[in-house]
Amino acid sequence: MQAVFPLTFAALLFSAGVYGVLSRRNAVLVLMSVELMLAAVTVNLVAFHGLVTTDVGDPLLSGQAFALFVMAVGAAEVGVGLAIVLLLYRNRATVNVDDADLMKY
Amino acid sequence: MWEASALTITVFLPLVGAALITLIPKAKEEAAKPVALGVSLLAFLLSLAILAGYYLGPPGGEGLAYQLRVDWIPVIDASYHVAIDGISLPLFVLSYLLTFLCAVYTFHHLEEPGRPKAFLSLMLLLQTGMAGTFVAFDLVLFFVFWELVLVPMYFMIGIWGGPRREYAAVKFFLYTLFGSVFMLVAFIALYFAGPGTFDIVALQQAGAAGEFGLTFQRLAFLGIFLGLAVKVPMWPFHTWLPDAHTEAPTVGSVLLAGILLKMGTYGFVRIALPILPDAAVEYAPIIGALAVIAILYGALCCLAQTDLKRLIAFSSVGHMGFVMLGIATLTPVGVNAAIFGMIAHGIITGMLFFAVGSIKERYHSRAIADIGGGVLQTMPRMGAVLTFVAIASLGLPPLPGFWGEVVALYAAFNPAEALVDAGFLTFFRVLMVLGAIGTVLTAGYFLNMLQKVTMGTAPARWREADLSDVSAIEWGAWSPLLVMTVAIGLVPVLVFGITDPAVSAVLTALGA
Amino acid sequence: MDVDQATQIDLFALAPELAVLGASLLVLLIELFLHGPRKRFVNPIAVLGVLVAFGFVVALWLDGAQRSSFGQMFVVDDYALAFKGFFLAVALFVLLISYRYFSEIRTFQGEYYFLMLAAFLGMMLMPSARDLVMLFIALELVSVPGFIMAGLRKFDLRSNEGAMKFFLFGVLSAAVLLFGLSIVYGFTGTTTLEGVAASLSAGEANPLLLAATLFVIAGFGFKVSAVPFHFWAPDTYEGAPIPVTAFLAVASKAAGFAGLLQVTFVAFEPLADVWAPVLGVVAILTMTLGNLTALTQTNMVRLLAYSSVAHAGYVLVPFAVVQPGDAALNADAFSAVLVYLFAYGAMNIGAFAVVIAVARRHPGRRVSDYAGLGQRSPGLAVALTTFLVSLGGIPPLVGFVAKLAVFFVAVEAGTTLGIVLAAAVAINTVISLVYYLRVARVVWMEEAPEPEPEPVQPGLALGFTVGGLAVVTVALFVLAPLLWGAADQAVLIASG
Amino acid sequence: MFSEWAWLIPALPAVSVLIITFTGRALPRRGAEVGLVAMAAALVLSLVVAWEVFSHNAGITQAIGPAGEAQAAPGGAEAFLLERGLTLTPLGGDLTVELGMRVDGLTAMMFLLVSAVSLMVHVYSVGYLRDDPRFTYFFALLSLFSFSMLLLVIASDLLVLLVGWELVGICSFLLIGFWWEDKHNQDASIKAFLTTKLGDVGLIIGVVALAGMFGTFSIQGVLDGIAAGGFEQGLLTFALLAMVLGAVGKSAQFPLHTWLPDAMAGPTPVSALIHAATMVTAGVFLVARLFPAYQAAPAAQATLAVIGAITLVMAGLLALVQTDLKKVLAYSTVSQLGYMVAALSFSYVAGIFHLFTHGFFKALLFLGAGSVIHAAHSNHMTDMGGLRRVMPVTFWTFLAGSLALIAIPPLAGFWSKDEILVAAFEAGGYTGGLVLVLGLLGGLITAFYMTRALYLVFAGEFRGHGHPHESEPAMTAPLVALAVPAVAIGWINLPFPAVQPLSFSSWVMFDVDYWVANPIELNAAIAALATALALAGVLGARAIYREAPERDPVHHLGLLSHVLERRYYLDDLYTDLIARTAVRDRLAPAAVWFSDRVLDGAVYWSGRGTAALGRVLYDTGDQRGIDGAINGLGASALWSGARMRLAQSGNVQLYAGALFIGVFVLAVVFATGA
C-alpha cells in the first residue's frame, strides 16, 4: 500500500485542526478542531499499522490497539472539555475562549 | 578522640547554640544573651584549646592537624574533610574571638528592632559558617560553609541595619552569590579535570604534579577568582562593601570586616594558588595591579567620605589591597604578610567598627558633620580608643597593620621566581612603589577623620547632651582587641610563627 | 513477544497501583454515605490507601527482583520504584495539605480525592511504562483528572478559566504528542521503548522521524511547562485550588519528567545529538523567562508558578548534555534529573503548604500579605524562608544538592553547550534569589499592616507538613548521599 | 662590657610610658617624676656606654697616631661595633626581623644627645606645663617619644628602625596637636604628620628595596652586601634616593620643609626636644647610619649636597622675616639641618658633629624662647623687647646659644660648621663648590637673623602687656645646663691633627680606614672668611636694629619680603593646590564618581544590554538612576521581566499559537539538524 496518501491526508487533517483551534472563538468549535487532530492521529496509526505489518509483522496489532486507545481517550477528553465549557458558559454566559482572560501577565 | 572530633565539635557548637536560643520562649527573650555569651565563650575556649594543641605538638604539629575525613557524597567523592593548619588557625581562632566579643557587645547595645533571640541565633549560625570555611578541606564542603554565611548576614543587615538596609542586604547577598556560583562551576571543573575528587589535599597534589593543562587552569582560575574577588572585595568588585558595611548593625559590620572578607583572601591561599599554580602565575600581575589600584583608590574614596562607617568600609578596600598584593607575589613572604594583614585588619577594623558603632549609637548619626568633632571632649575615653585604633589602622609601626603592609611591599619587591622569569620583576617593583604611596594617603584620610571627629571643640548640643563614655560592657568587648592589637604588633611572631611553615608547604606547587 | 506474554499479569508487581485504585474507588463510594462535615473523613481513607501502596512499594523494593506485567509494557525496577515512592510521598503531603482546605470549602470532597488518587495512579504507571501506548495512557490519566481538579472551585471564574486553559493546552499537546508517536511507530514498527531505540540506532535519521521525536518531546514539554509550552501554567496555577496547584507544580511536573526521561534516555537516545542541543536552548529559555517574569509578580501563587517554570529549566539541563552512547555521562545526567526532582518536590510542596496556611487568613495571596509574618507566626516564617532559600539553591539545604547535581553534570559534559548551560544556571540562580529574597524580606523586614492580622493557625495536618518538609529540606542536605545514591541506583539507561 | 646593656637605654623610657599611663595620675607629681628618673638613668647609662665606646675607638686611633700621618690600624683593630639581637619573627624563607641593637660610635653619640636634651626638657616641662590639665598625658608622650627616638637610634634592623621612625612621627603628631581644641594646632599636627609621612613613603620604599636587594633587613647585612659588591648599581641609587626622600621629610629639607615652622604650634619644650634637637635629626642620622652605602652611590650623595645647600639658604632667608620667635628658630633649624645634610655628602664626621652641637645649642635657644614666651605671653617679637633687664638668666644663656649658632669662635657652632665648609671645599667639584658658597652665605644670613631676633626680644623697651619676669628655677636650670655645651662642646673636635686621635672624630668613627683617610683639618682662610661673614651679619643687623627694633625693615623690601612672607608660595602650592584642590576636590571625588558611576555603571549596562537584547535603546530611558551593580542588573532583570510577562496575555489562543510556533521552529531545527 502506498503510505503517501493516508499520511498526507492525516497531515492535512491535523493542520485543519490546528487552524481551527487557533482561529475559532467558539469553544465548541475549538473542541471539534481538537477532535480533528486526534482523528488525524488515528488515521496515521491505522495506515502505519498496514505498512508495519507488511514489513516486519506486528503480532500485537499495536497500531490498531493504539488507535482504539486514542479514540477512547479522545472521547473522555471531549467529555471533560464540554463539562468545562459548560461551566464557563454558566458563569460567564459566553463560550468564546478569548473572553476568558481574567488572569494574565 | 578529641583530635578527630575537635574541629567538628567546635564548628558546630554555635549551631547547637543557635538552635537552643530559638527554643527560648518569646517572653524571656533577654535570656538569649547569656546563652549566646556562654556558647560563644565555650566555643572560643575550644578554639583556644585547638590552638594550644597545635602548638604543643601532635597531632600534626606542622602540616594538617585535627584531621577528620568522612565520606559524605560518595557518588561525587565529596567528603566531610576538616583539618586545620597554620594558615587557617589564626583566622579560625579570630572568628571565635570576634563572635564572642560581639556576644558581649550585645549586652551593651543591639540595634532596632531588638529581638536578641533572632539576632543571636543568626550570629551563631554565622559563626559556624565562618569557622567552617576555614577548616573545610573539601571543595564542596568549603562552598557549603562559604554560602552558609550569606543568609544570616543578609538578615542581620536587612533587619537590624540602617535606613537603606534592605537594599544593602540584597546587594550583599546577590553580589557575593554571583561570584560564588561561578566559583562552584570552577570547583566542579577541577573535579573532572583532576583526580576525580573534591578533596583539597588531593587536588593540591594534582596541581603540584601539573595535572591540569594551562588552558583549563586559566578558565578555572577565572571562575574561582570571580567568587573570591567579590568576597575580598577586590577592585572593581568592591561596590557592595560600602553599602553593606554602612547599613549593617555594629556586630554585623564587625564580623563582616573581621572575618567574612578574609574568606576570600583565604580562598586564594588555600585553593586558587596551590591547585592552579600555572594560572596563578599568569593572573598574579593582574591581581597585583588590581590590588594596588584598590589601595590607592580606596584611600582616595575615603578622603571624600562624609559618613564615618562608609569611610571605614572604604579603608577596608585599601587594606585588603595590601593583602592581595602580598598574595599576588606568590612568595612565602608575601603570603605570610597577607595572612598577617588579614589578622591585623580583622582585629583593627573590627575594633574600629565597634568604636564607630558605639559613637553612632550615642550621636544617632554616622555623618561626620553631625558629630562635629570634639569626641575627646564629650567622651575622652571613646575618643582615645578611636584615635588609637585609627592610628593602628593607618599602619603605624609596630602595630599589626604595619607588618602586613611593609612585608607585603617587600614581597612585591622580590616576587616569585616564576614571575621574574615571566618578565614581571619591574612591574611588581613599580607596584611596590605605588603601594607605598598608598600608605601616606591612608594616613591622610584617617588623620582627616580624627581631626573632624575627635579633635576640636564639641558642638554645644553634644556637650550638653551628657553622653556616656565607654561603658563597662564595651570595655569588656573591646579590651581583648586593644590588647591584641598591641600584642600582635609587638610580637608578630605570634602570627608569623604559625603561618610560616604552613605557607611554605602550601606554596610548594609554585616552586617556592 | 506474543499475545500470551502480553496478557500475563504479575499481581504483586501491580500491587501499589491496585492499592491506589482501590482507595480511589473506596473514597468515591464512601463519600456517598457521608453527609455534611463528615465528608472530610474520606481524606484519611485516601491517606490510608497511599500508605498501603507505599508499603507495597517498600515490599517490592525489599523483594528486589525486576518484575513485569503485560509483557514488557509494565516493568517494576529500581527506577520505577524510586519514582513510585516519590510520587506516593508527594501524594501523602498533597493529601495532608488538602484536608483543611477542602473540608472548609465543603464541595466535591469525594470527587476531589478520587480524582487526585486517579491522577496519582497515572503517575505510578508512568515510570513503569516501557511502551509508547502505556506512556500515553499514563500521561492522560495524570492530565484528565487534573483538568477537572483545576476547575473544582466551580463558582470561581478564575478557576473555570484556569481549567479551560489547562484543558485546551492539554489536549493540544496530547494531539501533538500522539501525532509524533504515530509517526515514530510508523518508522520503527514497534511501540516498546527499547524497540524504538534499537530501530533508531540501526536506521538512518529521517527528517520526518526527527520532527516526530520533537512532537513527542513537545508533548512532554507541556507537562513539565517548558518554554514555549508553559503558558497555561501560571494562569492555571493561579486559578486552581492551591493544593491542586501544588499537585500540578510538583507531582504532575515530575510525572512529565519521568515520561520524558524514558522517552529521551531510552527510546530516543540514539538521536540525542540532535534533540539534546534543542533541549539545551529550551532549558535556557525556560529558566530565564521563568525567573525574569517571576521578578515582578505580586501574587504569591503566580510567583511560585513562574518559579516552578524556572525550575523546569534547571531540570532540563541534564537532558541537554546527553550524548548518544556515552553511558557514563548519560547515567550521571539521569541521576541529576532524579536528584533535582526529588529535592524540588520537598521544597516546593513545603512552600505551597505555607501559602495554603497563609491563604486562610489572606485569600488574596498577595506577597504583601506576608508582611510581618515573622512576628506573627515565626514558625511558618522560618519554614517559608527555608523553602525559599532552598529553592534558591543555597546550602545547607537540599536545593543546593540539586543545583550541585545539575552543575556537576553540565560541567562533566565539558562541551561548549555544557559550559554555557552552567553559566546560565549560575546567572539564573542569582536572578531567582532576587524574588525569593524579596519574599523573605517582606516576611521579616516589613511591618504588618494596621491592625495587625491574627496569627496564622495552620492546624495539625498542615503544620505537620510544613514542619516535616522543612526538616526534610535540611535533612536531605546532610543525607545527600542517600538522595544521590538512590538516584544513582535508579538510573535507567538504554543498554548498549 | 657595659654596652651589652645598652638596650636598657630605650627600655627605661618604655617602662616609664607604661607606669605613667597606668598610674601617672595617682602619683604625687602626676607622673613627671617617673619620666625624670627614667631619663636621668638613661643619661647615666648613655654616659657609661659612650665612655666605653669612645674610649675603645680612641684607643685605636691613639695607636695610629695623629691624623694625617696615615698609618695602618694596628693588628686590624676595628671600630667599636656591638650587635646583639633576637629574632622577632620569621617572615618566610630565610627572611627574619631581628629585634636587635647596634651599638657603635654613632649610636653612643645619639644616646648622649637624646637623653641629655630629653632630660633637660623633662625638667623644664615640669615648670612650663605646671598648670596644664593634660600634664600627665604630656609626660607619657615625652617618655614615649624618648623611647621611640632611642629605639630608632639603637635599631640594628631596618624594619625596627622604621618602627622607631614612625613612632617618633606619631609622637610628634600628638605633641604638636597637644592642645587639640584649637583648629590651628590640629592643622599643624596633621600637616606635620602627613608631610613627614610623604617622606616616609620614600623611606619605606628605600628600606624595602635595600632589604630586597640583599635579602635581609639587617643594617649590617645590607652594608656587608654593599661591601661585597655584585649588586645593581642603579637599584642601589634608587633605594638610597628613596631614603633621601625619607630624610628630607623627617629633617624638613627642601621641598618638604614646610611642616616644621607650623609644628611650632606645639608646646615649646616639645619644639626644643623634637623639632630642634632630636627627631628632625633622624633624617641626618639615617644617612649617617648608612654612610658606607651612600659612599657607594655618588648620585645619591650629590643629591644630598644639593638639597642641603638649597635648604640652608632658603630657610635662612625665611627666618629673616619671621615675627614669631619660635618660627625664627624653626627656620633656623631647617637651615642648620641643611648644613648637616649637605655635610654628609662629603664627610661623615662633619655632618654628625654639627648634628651633635646643634642639638645642644638649638635646644637651649628653644627653651630660652619658651622662657621668653612664658614671660611675655606671646610668641611674637613685636610684643617683646627690653627683656634683657628683667630676664638676665634667660638673656645670657640665649645669647650664648645665639653666638654658638652664628658660629662665633670658639663657641660650639663655629667648629662644627667650619668642618662642614672645609669638607665641602676639599671635596671640590660642583657640589662642593655649591655647598661652600651657599654655606658661607648661609652663615651671613644666620648671623643677621639671630642678631635681629636678639635685638627685637631683649633690647629696647618692652612692647607687650603685663610685667614680664624671670622664669622659675625649673626652667632656668636647664638653660644654664645647656649653655655649657653650647659654649664648650665644640672643643671636643678641634681640627688640629694632634688632638684628633682623642677627639670626637675618632669616638664616632665607623671605620678605622675611613678615619685615617679623612682627617679633620683647619683651613684658616675658610675659618676667617666664615667668621668675617658672621661678624658682618651681626654688625649689619646691629646697625639696623639697635636704634628702632620695632620698625623691622625686613618687611619693607618689596617683592622679596612678599615672597618670603608667603614662604615662596610652597605652602599655597602644597595645601591649596595639591592637597585641597587636586586631591580632595578633584582626585578623591573623581574616584568616588568612578566607583559610583563608571564601575557600577559598567555592570549595569552590561546587565541591561544582555537582558534587553534587541530592545530599542531609546525605550530604555534612564529614569532609573545608575546606582549599584546588582542594582543595575536587578533593574534590567526586572525591566525585562516586566516586559516578558506581557507575553502571558491571558488569551489561550495566543498561547496555543505560541505552542505551535514553538513546535514549528523546533521542528525546522530538528529536521535540518540531521
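Order as written gives the chain letters A, B, C and D; numbering starts at 1 within each chain.
One rule holds in what follows: contacts are C-beta pairs under 8 Å (C-beta built on N, C-alpha and C of every residue); 3 or more make two chains touch, one makes a residue touch a chain.
As the structure is a computational prediction, the values presented were derived from the model and not from experiment.
If each chain is reduced to the average of its C-alpha atoms, the one that sits nearest the average of all protein C-alpha atoms is B. Centroids built from CA atoms put chain C at 42 Å from chain B. Rounded to whole angstrom units, the spacing between the C-alpha centres of chain C and chain D is 76.
Centroids of chain B and chain D (each the mean of its C-alpha atoms) stand 35 Å apart.
Mean C-alpha position of chain A lies 26 Å from that of chain C. Among the residues of chain C, those touching two or more other chains are numbered 164-165, 168, 172, 176, 234-235, 430, 434. Among all residues of chain A, those that touch two or more other chains are 21, 97, 100-104. Multi-chain contact residues of chain D, defined as those touching 2 or more other chains: 633-634, 645, 648, 650, 652, 656. Checking each pair of chains for touch leaves A-C, A-D, B-C, B-D, C-D.
Those residues of chain C that touch chain D in the complex are listed here as 164-165, 168-169, 172-173, 176, 205-208, 210-211, 213-215, 218, 222, 227-229, 231-232, 234-235, 274-275, 277-278, 282, 289, 291-297, 430-431, 434. Remark: chain C residues 1-3, 6, 132-133, 136-137, 140, 144, 147-148, 151, 154-155, 157-158, 160-165, 167-168, 170-172, 174-176, 178-179, 181-183, 185-186, 189-191, 234-235, 238-239 touch chain A in the complex.
Residue ranges of chain D in contact with chain A, taken from their complex: 645-646, 648-653, 656-657, 660.
Those residues of chain A whose C-beta lies close enough to touch chain D in the complex are 18, 21-22, 25, 97-98, 100-105. The part of chain B that touches chain C in the complex is made up of residues 71-76, 140, 143-145, 147-148, 150-151, 154-155, 158-159, 165-166, 169-170, 173-174, 177-178, 181-182, 184-185, 188-189, 191-192.
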